[in-house]
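Consider the two complexes below, in which subunit A is the common component and subunit B and subunit C are the respective partners.
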Partner chain A sequence: MSDAQTTSAVPAARSADRKTSAPSRKRRVRGATGAFWLFVGPFLLGLVIFIYVPIGWSLVLSFFRAQNTVAPDVFVGVKNYVDMLTDSAFLSSLWTFTLFAIFIVPTTYLFALALAVLINRARFARTFFRSVIFIPAACSYVVGALVWKLSIFNGVRFGLANTILATFGIEPIAWVAATGDIPWYWPVIITLRLWLQVGFYMILLLAGLQQIPNNLYEAAYVDGAKQGWQTFIHVTLPGLRATSVAVLILLLINAYQAFDEFYNLLGNVPYARPPLVYLYYTALGTAQDYGHGSAGALILALIIAVVTLLQARVLGFGRAN
Partner chain B sequence: MSDSTPTFSRRGFLQAVGGVALAGATGAGLAACGSNTGRSGGAGALQQWYHQYGEQGTQQAALKFAKAYKDATVNVVWTPGDYGAKLASGLLSSSAPDVFESQLNIEYVKAGQVAPLDDIFASVKGDFNEADIKLNTYEGKIYGIKMIDDPQLLYYRKSMLQKAGVQPPTTFDELTAAVKKLSTGKVKGAYFGSQNFIDGSRIQPYFAAMGVPVITEDHKSNVLDPAVIASFVKLREFYTSGGVLQSAPTEWTDPSAFIQELVAIQWTGLWALPQIQKTFGDDFGVIPIPALGPKGKQVVYNGGWTQFVNAKSKNLDAAKKFVKWLWIDQTQYQEEWSLNYGFHIPPRPSVAAKATKLQSGQAAEVVKIAKQFGAGDNIAFTPKIGTALSDAGNKILRSGADPKAALTVADGIVQSELKRLFG
Partner chain C sequence: MAFSLLAPKPVGAVGQSSGPRSVIGTIFRYTVLVIAAILFLLPYYLILRNGLSSEQDITSPDWTFFPSSIHWENITELFSDPSVPMAGAMLNSALIAIVQTFGQLLLGSMAGYGLARIPYKHANKIFYAVLVTLMIPSAVTFVPSFVLVSSLGWVSDLRGLIIPGLFSGFVAFLFRQFFLNFPIELEDAARVDGLSYWGTFWRIVFPNSLQFYAAIAVITFIAAWNSFLWPLVIGQDPSSWTVQVALSTFITAQTINLHEVFLGAAVSILPLVLVFLFLQRYLVEGVAQSGIKG
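So, the complex of A and B:
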């Protein structure tokens, strides 16, 4: 009996709900607003405290002489910016990183694309290969850098790379610490980054490949296109456009953020020192010059923003296909 | 049925969770009010920071010393990784150490980060190495108490040098010739470090071996002294002679490359002596860093660690009292810290005199040459000066850049730093 009463009460409540009066609608709106803030609030608070406040404080610091303090009192105007823009070490780090980005972005993209196409066409053990290539993406850059530095490219005769070279009768190479005209540290850095990143971008491109409808290929064959290069150029690549643009932008942002492997493999050296490593040694290491460090960081942030916007514009990021 | 049991609507659930969280927070707050924080005598617990020493047993010893102090609770913070950077940012935070080890830099004094210790130091001033006092004095005030002296020098394998018919080198010309002769198929002549073999900490020893300090007594830059330029040419010859092991899995502070017989000569410190002795017995010797360039002189570079009190500490007096207790009064702990784990020279002659481990064999030789050829840091050598000179050094040594051009860029930075510090 009580059951029957309950079940009959529910439709009654619903019908009351349907005839919503103005105050209750207001309450619901207020409820929705409350829920919005409840969900968004904590993240927004974190964002403000850990991102926006530091950026704002950086802006303040960049106009002060802030040596060994984050509460400076000597206003120096734009001197820190002028100093950084005339600092040959900072400018050379910007140049280093530009060269690095120009090389690493297309290289990673091509490797990831080649692997994605191969795996997409694999007839057996596809999941196995996909997992094996993706797994390094889960490895930390620091751990990767240590493995590369201490084991594979450690420079002594029993390091992995030198052992392989020795079988061809080649003398051990000091890799990250070599003197001479050949920058042996670049193969170390590039192979590490490729090993860490290719798997992730391969998965993105693989997903893109699987989105291309099969009937496009069939139509191409009917029109006389040959399997292989011709269909790759005229069907696969255009079909991957949206994914490719996203991958290229992600790769460029990643290249700008290069820090971990350079810091761990090379430390504070004048060659192959990306801007973040230089700024780390200026502001956060033992030097503690927050004024110049903040000015440099804001210059770098501005460059990243402009280049990313330009790239997005040129590649048509987010544009409908 | 699901309609009939709306006991956990979304809002209800969130309210419940919020209530539980609030109750938990209140409970925790009340618990904190009533709990024993372990503090005694009104003084808060002191935070004492150490870098991570490589020798076994050091951390336990540091904890033992802290526990033995009865007048306050001392929390030891053992810091692996980049201690310098962590300390620098730690000193700016609200959880800054009250007591820490480091090396004195003028910036510490100018930023008011280290407290003068003249009052606790006065009674023992006569019983500290003069160089260690000078190193920690700025404008007449003493800011740090040297804990250990760590001489840097070269170790060599007697048998390998004998076999190659090489005498222990006293100049870099002799060293370059020696490493070429010592370099055979599997063994290289010398190992001086790999990742950045001319980093900021290596610059001052090299300049000392050149016989030209980076900064003069009257705060001028010596970087463009012709002897410096000529010396960098010699250094380039040495590094590109083919006799230098340019890279190894461990850095110069660790004697592994020497112990694993990858090289016949290695630059490292006294601390590594017990390990080397254990491996090679009597088959090794020690020599100063050879004289470098036209004004060069042999050098044993005196590094080490110094105890400081944070001038901004809320427990300033308690911190000073603790530092006095540990690094001035407790001589048996000072001896233990210097000699029971790795080897270091106690900065106090009275403690060093009791150190029997340093009175025989190669350890005694290190103490002797450290006294004869000793040179130390300059507190005006800022990290920025270190980076500038390290950049110049790397360009010259690795890429064969013109020494004068590279050093001129560095000189500009050194001068602007000196101007900033001394006007």
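So, the complex of A and C:
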């Protein structure tokens, strides 16, 4: 009954449509265009004002002298870029953070992967362990830096790390004060970053692990692959490929953009200074040099883009699985 | 529930061939997990321990895991200390995080719906313009954004702290992907019933997507609450400090009351721990959906 009604109603509507096709289609398209702008317009306006305009402005400023003023002052051509690329402090910060990325990216990935696999195989208390490893993701880098600098690695005898070392008869280490020859601040920075990041990427990898169809494991088992290492190499790792690539790219971008914990742990020091900390003090410190700051920011953006693309190509991002 | 999918299924058969080994393996795995859990929880414990200790207990030459007495009065001391604008900073952070979460969700989900569902001949170009902003590392734009905001006169002003953060290309992108998979039959039915795009979105699509909204809201809120570089750049006057900027000032200060700093840290993470405990399901989903934090 109702079927018959709808089937008869539809052709009627269609023929009515066809008769008035030209004006009604026009009206419909205009309606859709209006609706499109109603939905997308406010967002797009903000995006243009707060992302595209500043970047364009920055591009302009990078070719001008703009000190203590955000208006372009004197056109200097590529001088700001040349200055930044010959500025040994900026270069050493770029180089340090390339090394930092080479170390921290695989380390974080391996820890996150190991924990994801362990949690995935746990038969009880799985949610508990997942939550505990994940909870630093809800902690700010500032709070993390605070605990590391003022409690665990505070460099005095009553600090936790030095107390533990003392039980092995080792003298207190100054850690972030960097008074000796050995860069003790690196273990501080790296353990902090691992604590803050591992749980987040563990969740991503755990989600990836759950996407691997169980019948692949069964097939591997039937084919005689030993549980454990062989299955891991031949089933788990290939199955995690897409997730792993995404995680590695995110980690790399994050390593170059390090700011929060370095600013709070070390401040404006000539060693272990991320590019963003250097740019922060160049553009917004006492120098207020927006020309050089803009040039440096664009150089950094370019490096991140190139390294990300290279890494994506090496890892085969977007390649069909 | 979903987690059980991956526990190796042929358990019985495996158990027969390598019984003792699998027991040792299980013990080994749980030992590693327990050690990891202790290490991961330790900093939270230190925050509480130091925050509720007396200054003498914290700086005593002998490390103690438990302070000799718990000083609850530290809490009132923290909020009544005039040199530490903790209450104001909490208020600023809450205001910024809440407004940014609502704003990003409202603007981003509308844009995502428009891009996913409303036919428009330039829609693809506009979508690419949104995608490009995802490739631009957000932190790198802080110099140009500061230039813009300072020329608007929004430095040390809540407008400067909130408004530039309302437009997240990433949130719009996630919503577009989500709405592409929304059952189109529901929308078609609504359109046949005479609802406009606007009506379809608010009466049909939005109420049926609340779980996704919650997932994105949780990660947006955490990112906004924890963000540091932008509030540091813009919040130059103490009255416009967020919690993160206030804490950072204490870390780098010359003379500090350790217990106050740690108690401040505890207070600053309290909202997030609550979000974490009660909304973890959404948080896990949000992270898995997005893969990017800020």
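One rule holds for everything that comes next: the second predicted complex is superposed on the first by the 297 of 321 C-alpha atoms of A that agree within 3 Å, B and C clash if a C-alpha of one lies under 4 Å from a C-alpha of the other, contacts with A are read in each partner's own complex, and residues count from 1 in each chain.
Basically, a residue touches a chain if its C-beta (ideal position, glycine included) is under 8 Å from a C-beta of that chain, and two chains touch if they have at least 3 such contacts.
No experiment lies behind these values; they were computed from the predicted model shown.
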Touched partner set for A:32, first subunit B, second subunit C, both or neither: second
Subunit B versus subunit C as contact partner of A:177, first or second or both or neither: first
Contacts of A:40 with subunit B and subunit C, given as first, second, both or neither: second
Contacts of A:145 with subunit B and subunit C, given as first, second, both or neither: second
Which of subunit B and subunit C A:269 touches, first, second, both or neither: first
Subunit B versus subunit C as contact partner of A:70, first or second or both or neither: both
Per-residue touch tally on subunit A - higher for subunit B or for subunit C: C
Which of subunit B and subunit C A:230 touches, first, second, both or neither: neither
Touching partner for A:286 - first (subunit B), second (subunit C), both, neither: first
Subunit A positions touched by subunit B in one structure and by subunit C in the second: 31, 35, 38, 70, 149-151, 156-157, 267, 284
Residue ranges of subunit B touching subunit A (in the complex, touch as defined): 3-4, 10-11, 14, 82, 84-85, 87-89, 91-92, 105, 107-108, 110-111, 113, 186, 194-197, 199-200, 239-240, 245-249, 257, 262, 382-384, 387-388, 390-391, 394-395, 397-400, 409
Residues of subunit A that touch subunit C when the two form their complex: 29, 31-33, 35-36, 38-40, 42-44, 46-47, 49-55, 57-58, 61, 70, 115, 118-123, 126-152, 156-158, 160, 163, 195, 199-200, 203-204, 207, 209-210, 212, 214, 217-218, 221, 227-228, 231, 246-247, 250, 253, 256-257, 259-260, 263-264, 267, 276, 279-280, 283-284, 290, 293-294, 297-298, 300-301, 304-305
In the complex with subunit A, residue positions of subunit C that touch it: 2-3, 5-10, 13-14, 18, 25-26, 29-30, 32-33, 36-37, 39-41, 43-44, 46-47, 50, 58-63, 107-108, 110-111, 113-115, 118-120, 123, 126, 129-130, 133, 135-148, 150-151, 163-164, 166-167, 169, 172, 196-198, 201, 222, 225-226, 228-229, 232-233, 244, 247-248, 250-252, 256, 258, 261-262, 265, 268-269, 272-273, 275-276, 280, 283-284, 287-288, 291-293
Parts of subunit A lying in touch with subunit B, wherever the complex brings them together: 6-7, 10, 31, 35, 38, 67-70, 88-89, 149-151, 154-157, 159, 174-181, 265-271, 281-282, 284-289
